[in-house]
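Quick one: the structure is below, and I'll ask about it shortly.
The chains carry the letters A, B and C, assigned in the order they are written, with residues numbered from 1 in each.
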Amino acid sequence: MADPRFFLRHGPFTLLQIARLSGACVAEGSDGSIVIEDVAPLESAGSKSLSFLANARYLDAFATSKAGACIVSPNHAGRAPPGMHLLFSETPYRAYAHAASAFYPPALPDGLLSVDGFISSSARIGKGSSVAPGAVIAAGASIGPRCAIGANAVIGANVEIGENSSVGALASLSHCIIGKRVTIFPGVRIGQDGFGFDPNPAGFVKVPQLGRVIIHDDVEIGANTTIDRGAGPDTVIGEGCRIDNLVQIGHNVQMGRGCVIVAQVGISGSTRLGDFVMVGGQAAVLGHIGVGHGAQIAGQSGVIKDVAAGARIGGTPAMPIRQWHRQTATLARLARKRRAADE
Amino acid sequence: MADPRFFLRHGPFTLLQIARLSGACVAEGSDGSIVIEDVAPLESAGSKSLSFLANARYLDAFATSKAGACIVSPNHAGRAPPGMHLLFSETPYRAYAHAASAFYPPALPDGLLSVDGFISSSARIGKGSSVAPGAVIAAGASIGPRCAIGANAVIGANVEIGENSSVGALASLSHCIIGKRVTIFPGVRIGQDGFGFDPNPAGFVKVPQLGRVIIHDDVEIGANTTIDRGAGPDTVIGEGCRIDNLVQIGHNVQMGRGCVIVAQVGISGSTRLGDFVMVGGQAAVLGHIGVGHGAQIAGQSGVIKDVAAGARIGGTPAMPIRQWHRQTATLARLARKRRAADE
Amino acid sequence: MADPRFFLRHGPFTLLQIARLSGACVAEGSDGSIVIEDVAPLESAGSKSLSFLANARYLDAFATSKAGACIVSPNHAGRAPPGMHLLFSETPYRAYAHAASAFYPPALPDGLLSVDGFISSSARIGKGSSVAPGAVIAAGASIGPRCAIGANAVIGANVEIGENSSVGALASLSHCIIGKRVTIFPGVRIGQDGFGFDPNPAGFVKVPQLGRVIIHDDVEIGANTTIDRGAGPDTVIGEGCRIDNLVQIGHNVQMGRGCVIVAQVGISGSTRLGDFVMVGGQAAVLGHIGVGHGAQIAGQSGVIKDVAAGARIGGTPAMPIRQWHRQTATLARLARKRRAADE
């Protein structure tokens, strides 16, 4: 379920009610009268929750999900686990968007509604912490001991920050849990909505972004970097990761321990990095893929499929680094030959 | 003319005065005594306005312009429409920079001079709107009903925001008109000067940026994205566009309805996108080109010429996506052959 | 030495004390009892300072350094200048990180500790300057005459800004000296820590960033651009440079006069650009290299080695622009031939 500290849930609804408001239909053999209390990702949904399958990459997660009900295309129904109630839709992502919006109607950005003055009376500031002028700390936020909150920074409602962490000037945090000894540089954006919508010419339908950002201990996050919160699962940055300036981390990204992400890298939604992965400057990693432990990705490369642990890759689309060098050399030689032939 | 809500105009000047201050000369047959009241782009200039032609791409616009006067290189004079008075210069962009600076001398950034306290007494805040702590709203700004202005956000003088829109924490807006149901995420920069100057070793001459940013209804703009205001024309984001984080939109860009721009894309100045264009992450689109309706541009590609409606392109320089895949496969095969020959 | 306006130095320490706290050992023939007062880069270190050699590119600087002592790998000892005392380490960068941290223990971010209210009583604001609401100006900062500080901007302790400069809304400056007539756009980040640490699986060791950012006169810096302060040397932006939006400038970068850096470019640490270098949008320049005067780098290219003065280069890895075009044409022709053969 979405963390109640950050999201206010409405409902419950019967499966039939959800079918109607989402444009889906109750599958034969499924019971429209069951009560659904929440939406949740396939992996974490329980018997009272509704999930969805919109990408065939997640068929295995669907087949083993404990979700009480699921929105799915009819042609994937055969993989449903026993006992799961189904809503059929040809556009499951859009149907889920409508269902999730019923449980979680749009709220104000930053969860700042309940702010009472610059520092809310219900915010907790740990011993030895400093809050610079202009910083805004919303209701229920909890700052650990010996932290420093920079000038004009904005800490959203119910955000938690561990001890000895610092938040740079003009950074903004919402919908997130921050570990100990974390250093967040100026202008960082953590916890805003991910880029989630159902694209269709009749008008995009926004998909509520119901996850959080979890930053583990000893992480550093560079200036003006953006880390979106999860769509359902959380976005997770592992212990000790070093993230440079102007990096984009999409929703649901999960990063292991000790990763090094150089400036201006983009990591698309739902991608998983193992421990000690290194990503060179301006590289892009496609969404929904896995990068193994210790893999090294050259600067400016474009990674579009899974990367094995320990691999060293480069180029666009990315390939083993030696293969890339060989291709570069081959093309240079062919162009030289052609030039010689032309002369 | 430049929107008087955002720009304070000086003058008028005679054409001869402008010639002198801009280092241009009045062409034979043109009348130095006519009074010029303003500068304006070729397309929108009227009989009292001065325009300029600095890029041969705009020769047709020059030939049909209703501008009363125009700064132009002598070798383009033959295309001038009848009745247009001409100033000759070998460096028309620099001459225009000087002329425009006479009408619009440098003002303070953000149009915030007239701020009286955090929220100006002349700002209008619609019913049901909330303004979080630390937000600065300058004189004459108008916020529609049911809007939310985030903590420490900055709304410049005379900016207009339509109903049900939200501005994230620490975002800044100036020289812009924002539609209804627009969502602006934290750290977004809208309306600052475009990257306009005449480059020459003796010192760059800044070109006044006299346009605005127009954001139509139902647009979303991701965290830390930057949208520069127009140089003369406006920068326009069409209805329902979805723009991700850390995107750069140059001055004068015009985007149709329902475009999807993924994170870290850069769109250079004066480029026009049709409706429903999709641009993948980290792609770059050169300035002064057109991208047709429904075109799809792959991530990381570099688009350097016009793109037909419905085209799917990729690579640097960008080409039809199938051609790109074929080239990628061809190079891989040649490198493999070479490797086999080497072994 | 690190600028005492921005960094509080501890010590002194004997060379033996430093050896112990940094995991290095005093080389035979070197004197562990000498007193070291500071750390400094090879080029600027004096007889009371400790330096380090971690990258063979700097062997010449090592051989001519006037540093009193230096941390170095034993196999480079032969190049040490006469009279230099040596600390041996197989991981000199990590050993330096520990030594530098002893002299300069971690301080609060932004040097804002001593802020007393939004505008410190010890800040100096020049005649005719304006400070918009919400701006924070820390202790000892000095703003020249006729400057404009934007709303909610943050100026760190002891920062100096020359006359007629402007700082955009929500920008943050620390550890920097800014010239005259400099224009800093909204959301710019100047002076935060560079991306400096010793990467090793047992946990990264942060390297104190002890330099500053020096911005010369007449520079413009675009929205949301980030410029890290030097690690030991300063990061320097030469007179009249024009830097667009969302650009990343790493620590120790030195840029000559009149450079033009288009949006979303990344320049890695310790790279030096001559005068009037032009870098196209989204290009990346590797660290520790030199780019000659007047060189032009095409958009999206990846520069991985020194560039000669006046060169025009493009591609990844970057090569002379004509060679790049030839390679592009060669590959296109080969793919077409292959396609013809397939049909």
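Note that contacts are C-beta pairs under 8 Å (C-beta built on N, C-alpha and C of every residue); 3 or more make two chains touch, one makes a residue touch a chain.
Please read all numbers here as calculations on a predicted model, not as lab measurements.
Undergrad: Give a one-word verdict, same or different, on whether subunit B and subunit C use largely identical residue numbers at their interface, taking over half shared as same.
TA: On the two sides of the subunit C and subunit B interface, the residue numbers are mostly different, under half being shared.
Undergrad: Quick check: superposing subunit A onto subunit B on C-alpha atoms, how many degrees is the rotation, to the nearest 5?
TA: To map subunit A onto subunit B, rotate by about 120 degrees.
Undergrad: For subunit B and subunit C, let me know how many angstrom lie between their CA-based centres, rounded off.
TA: 31
Undergrad: So which bits of subunit B are touching at least two other chains?
TA: Residues 134, 152, 170, 187, 224, 246, 264, 282, 300, 331, 334 of subunit B each touch two or more of the other chains.
Undergrad: Sort out for me which residues of subunit C touch subunit B in the complex.
TA: Residue positions touching the partner: 130, 132-134, 148, 150-152, 166, 168-170, 183, 185-187, 218, 220, 222-224, 240, 242, 244-246, 258, 260, 262-264, 276, 278, 281-282, 299-300, 328, 331-332, 334-335, 338-339.
Undergrad: Show me the residue ranges of subunit C that touch subunit A in the complex, using the header's touch definition.
TA: 108-110, 112-113, 115, 117-118, 134, 136, 138, 152, 154, 156, 170, 172, 174, 187, 189, 192-193, 195, 197, 199, 201, 203-204, 206, 224, 226, 228, 246, 248, 250, 264, 266, 268, 282, 284, 286, 302, 316-317, 319, 323, 326-327, 329-331, 333-334
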